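Some structures to go through are shown next.
Presented sequentially are two complexes of subunit A, the first with subunit B as partner and the second with subunit C.
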Partner chain A sequence: MSAGFFRLGRFRVDLLAVLPFLLLILMWRTLPSLTGMPEYMFPTIGAVWDKAVELTANGQLQDNILDSLGRLFLAFLIGNALAVPIGIAIALNRSASDFLRPVLTFLQSIAGVAWVPLAVIWFGIGMGSVVFVIANTIFFSTLYNTVAGVESIPKVLHRAVRSHGGRGWALYSELILPGAFVNILLGLRIAMARGWHALVGAEMIAGSNGLGYMTMEAVQWYQSSTIVLGILCIGCLWLAMDQLIFRPLERRTVVRWGMVRQ
Partner chain B sequence: MSAKTKISVVDLRMEYVDENRGIRHIATDGLTLDVKENEFLCVVGPSGCGKSTLLSAIAGFLKPRGGTVSMDGRPILEPGADRGVVFQEYALLPWKTVLENVGLGLKLRGVAKAERDAVAMRFLDITNLTHAAEKYPHELSGGMKQRAAVARTLANKPEVMLMDEPFAAVDAQTRLTLQEELVRIWDENRLTVLFITHSVEEAVFLGDRIIVLTPGPGKVRAVVDVPIPRDQRHWATINANPQFVAIRDRTLALVRGLEAA
Partner chain C sequence: MKTAAINDRNSGIASLRSLVSPRAWKGVLGLLGILALWQTSIPLIGVSEYFYPSPAAVARAAIHLVKTGILPAYIGDSLGRYLAGVSIGVTLGILFGLLIGFSAGASRMLSPIINFFFAIVEVAWIPLFVLWWGYGLKVILVALSYIVFFPVLYNTILGVRSVPQVLINAAYSLGATRLQLIQEVILPAALPSIFTGLRLGAGFAFRGLIFSEMIAAKSGVGYLIFEGASNQQTDRTIVGMIVMGLLWLFIERIYIRPLEALTVDRWGLATRAEDRE
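Now for the complex of A and B:
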């Protein structure tokens, strides 16, 4: 299946996966000069590299990355800690479903960046607002995947666990959480991706630091190299998270269990 | 065999309601039968006679609309570890290894890991599955899955094992092997078994007694005793046993409604 690979430390990198990135770099290298685009509109690789060195040397880049990651993880925890139990309740309990589904569907349509103006009024510019908006986005991504996951557990598995003595909390730890894990994991991944979108959006409007704020602030000074650097950082961080956290988690659990094919 | 009654089903009426279409289907009505302690009882009947519904009532999965189901004189209200069920669909948990699946019941009652692994290994040995202990269910054949499911139920030491057409989904060759293994395992680990099947041959091969149900709504049409010694129950020879052939033919006629009880 794969065209070959090389090793980067202990990580295996597929050549086929690297090719599109090389292509992008090639386009970046050639297209602006071919089309005569001025550098303030799209910076050269050298300019972005210089900017990266400069912002790393004075510590700004690391600070902004850590600020953004911190918010993202905090919001990820809050959003999921609410979404998983509420999702399970909706899936298992008719009254909870009747009570919560319509109002959550209503709120889902305005999830995310639409909350920024109110969030700013409630929490002010900065950490609180940004975390609120991301957590809100993550909540809805995870919620509906959790509901679908719990509902997808076959009735016969419920019966098997109960006829072997399963009751109370054990039903959740032995049956419902692992049974819904395929969908929950899928949900967590989508949630994290959407969380990144929300993070950048929220920081641009309501942030006082972070990667999103960094790119937006750069606009005022026509610092296109900073903007592109910010975009590159966001892309690389999400790619790394997916490859280093979500993919291995998937391989060790749902793929190993034969619940999804790789 | 004059053992005491383990499970008593009296005048059972079970209904199935299709909520989407608003149709009420009567699965069994006026069904009365006893399961004796430590007997191997088979229930046969045509499709739709309510035999699986009967099992669900005894397991506590479904509530009776009328009549009573009781074990040792106490009404059955919900599922419990005293009545382990083996399902046609195996119902192994995909996220647990075979060893962990077999140890499930012990884990649920709080037995420490070392001890439950030891017990589970013993039952994997009995069911010829020791080599598959660390595999996940999706890596097993149908026959191996069902062996693991039987081991899971036996390892939990239930008072009654309820088997719902357990060999209906495996191929014909494997089915014969599993039936012979079940005869051997049950000889070595006696407990009360209620075995639901649509195969008369299977019922005569496995059972001490057979209950034949009428087409739905199911009632008892006949009770057939199977006094064939258990050491004669091998597929290589049993078809030459005139007693087996006679009981099989009579039971088949009863199932098809060709012979009066």
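Now for the complex of A and C:
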């Protein structure tokens, strides 16, 4: 089975896996002449690299990345800070849940980028409307997972805690928060992924800076190398966040406690 | 025949009961309560219609949009784009999923490049698509199929790989050809998993539809939401948002649930969330 592999430092590289990438590059280079699409629409690796160097040297790339991440972080805090307590309250209160569920289901189905135009009217182009849209997306994602988490706690445990005299704060700290924690934690990662989508989308429509804005703005100036650079940054940043923050967080907590399989 | 009729009657009674159950009524009350709250907050907040339109204004805008035929046409456009994009994505997802799940060589070759593309969210591609093809249908269709492709693909692979080897051996020893094996064993066994992927992808794709219509279309529900706001007709934007929510509920009920019922439920392979309550 070791045929087709070669070593590159510590890594074993699968030649078969490299093949599609080479094919992709070849296609990228030959498409303009084959389809008659203009050359500038398919920037070379060198051009994208030059653009990356240029935008890093004048600080634009870092600024845009930091703006985007800052917004995501702020909206993540706002959305979750609202969603977790409201989610717990809804899950614990039968009649609140009966009244609110259809409303929330409906709002959840329109959460996200559909709010961008209205957000622009309310908050203007830029920071405010983008944060509103991401926080809205994250709120509904986490709300759903919090309600599911609290409802997954077996009724027996509720009765057990109560019969041992647990009420008030003890009920929350000993039963509800730890019981719902796994779902909430797993939900945070999904919320972050949805928030990232919403961030890029909202910045494209309503941003005045940030990665999404940078990528969409480049279309007007036919700056294909900036567009490809933007695409790569958006992909790499998400991978980095997922691998460096959420995977280790899950390994340290949920997986270690044996609550989900790896 | 007889049992079917009895089942029909029972389910009829059950749905009638759920219609008048206190829970359903409370839900309706909740919706009406929000509407009442919205209407009474108008004079209290006291900002312009443009900034915060009333439910009455939204209802008027909706009636106007229906009378002029704009809204039905937009809904038709959106639905058509959605179904076309999702169908392309599902077909490609299942094909590649079968290929990768079935063949170790294909998996070695294709998995890395597919993971590479999966890491790049579809939203990020839209500027490049617009540069390549201009604003229009092509951008929307490619974006939608891109969104649906990955969840269907990954779940198809999962489904194919979880078919017990014994079943595959059994089919082969009974003289099945490769095509028969896929038709008779692999596909039915992988179907619940494929549907999980389809459900996920269908939800993501609906958001993607609205977003790409905002950017790249001159009709459709996403365009209505976007255009209303830029023409200072905020009531139209809200009509668009409400229609978007209703359209999604409609798609879920009309397309996704029955498909599930037709395939998965028939073989008793999956339970819906409501059934477990």
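What we mean here is this: the second predicted complex is superposed on the first by the 216 of 262 C-alpha atoms of A that agree within 3 Å, B and C clash if a C-alpha of one lies under 4 Å from a C-alpha of the other, contacts with A are read in each partner's own complex, and residues count from 1 in each chain.
What we mean here is this: a contact is a pair of C-beta atoms (placed from the backbone, for glycine too) under 8 Å apart; a residue touches a chain by one contact, two chains touch by 3 or more.
Just so we're clear, the structure is a prediction, and the values are computed from it rather than from any experiment.
Engineer: If you stack the two complexes on chain A, which partner ends up touching A:34: first (subunit B), second (subunit C), both, or neither?
Structural biologist: neither
Engineer: Who does A:165 touch here: subunit B (first), subunit C (second), both, or neither?
Structural biologist: A:165 contacts subunit B only, not subunit C.
Engineer: After lining up the shared chain so the two structures overlap, which partner does A:253 touch, if you call subunit B first and subunit C second: first, second, both or neither?
Structural biologist: first
Engineer: Check whether subunit B or subunit C contacts more residues of subunit A in the superposed model.
Structural biologist: C
Engineer: Considering only touches as defined above, state whether A:157 meets subunit B (first), subunit C (second), both or neither.
Structural biologist: A:157 sits against subunit B, while subunit C stays out of touch.
Engineer: First (subunit B), second (subunit C), both or neither: which does A:181 touch?
Structural biologist: So A:181 only meets subunit B here.
Engineer: Could you tell me which stretches of subunit A are touched by subunit B in one complex and by subunit C in the other?
Structural biologist: Correct list for subunit A: none, the interfaces share no residue.
Engineer: Would you tell me which residues of subunit A are touching subunit B in their complex?
Structural biologist: Per the touch definition, subunit A meets subunit B at residues 154, 156-157, 159-166, 170, 174-175, 178-179, 181, 253, 256-259.
Engineer: Per the contact definition, I'd like the list of subunit B residues that touch subunit A in the complex.
Structural biologist: Subunit B reaches subunit A through residues 59-61, 78-81, 83-85, 87, 89, 91-95, 104-105, 107-109, 136-139, 152-153, 156, 162.
Engineer: Under the stated contact criterion, what part of subunit A meets subunit C in this complex?
Structural biologist: It comes out as residues 4, 14, 16-17, 19-21, 24, 37, 41, 95, 98-103, 106-107, 109-110, 112-118, 120-122, 196-197, 200-201, 204-205, 212, 215-216, 218-219, 222, 224, 227-228, 230-232, 234-236, 238-239.
Engineer: For a test of understanding, state which residues of subunit C touch subunit A in their complex under the given definition.
Structural biologist: So the residues of subunit C touching subunit A come out as 22-23, 26-31, 33-34, 50-51, 105, 108-113, 116, 119-121, 123-128, 130-132, 207, 210-211, 214-215, 222, 225-226, 228-230, 234, 237-238, 240-242, 244-245, 248-249.
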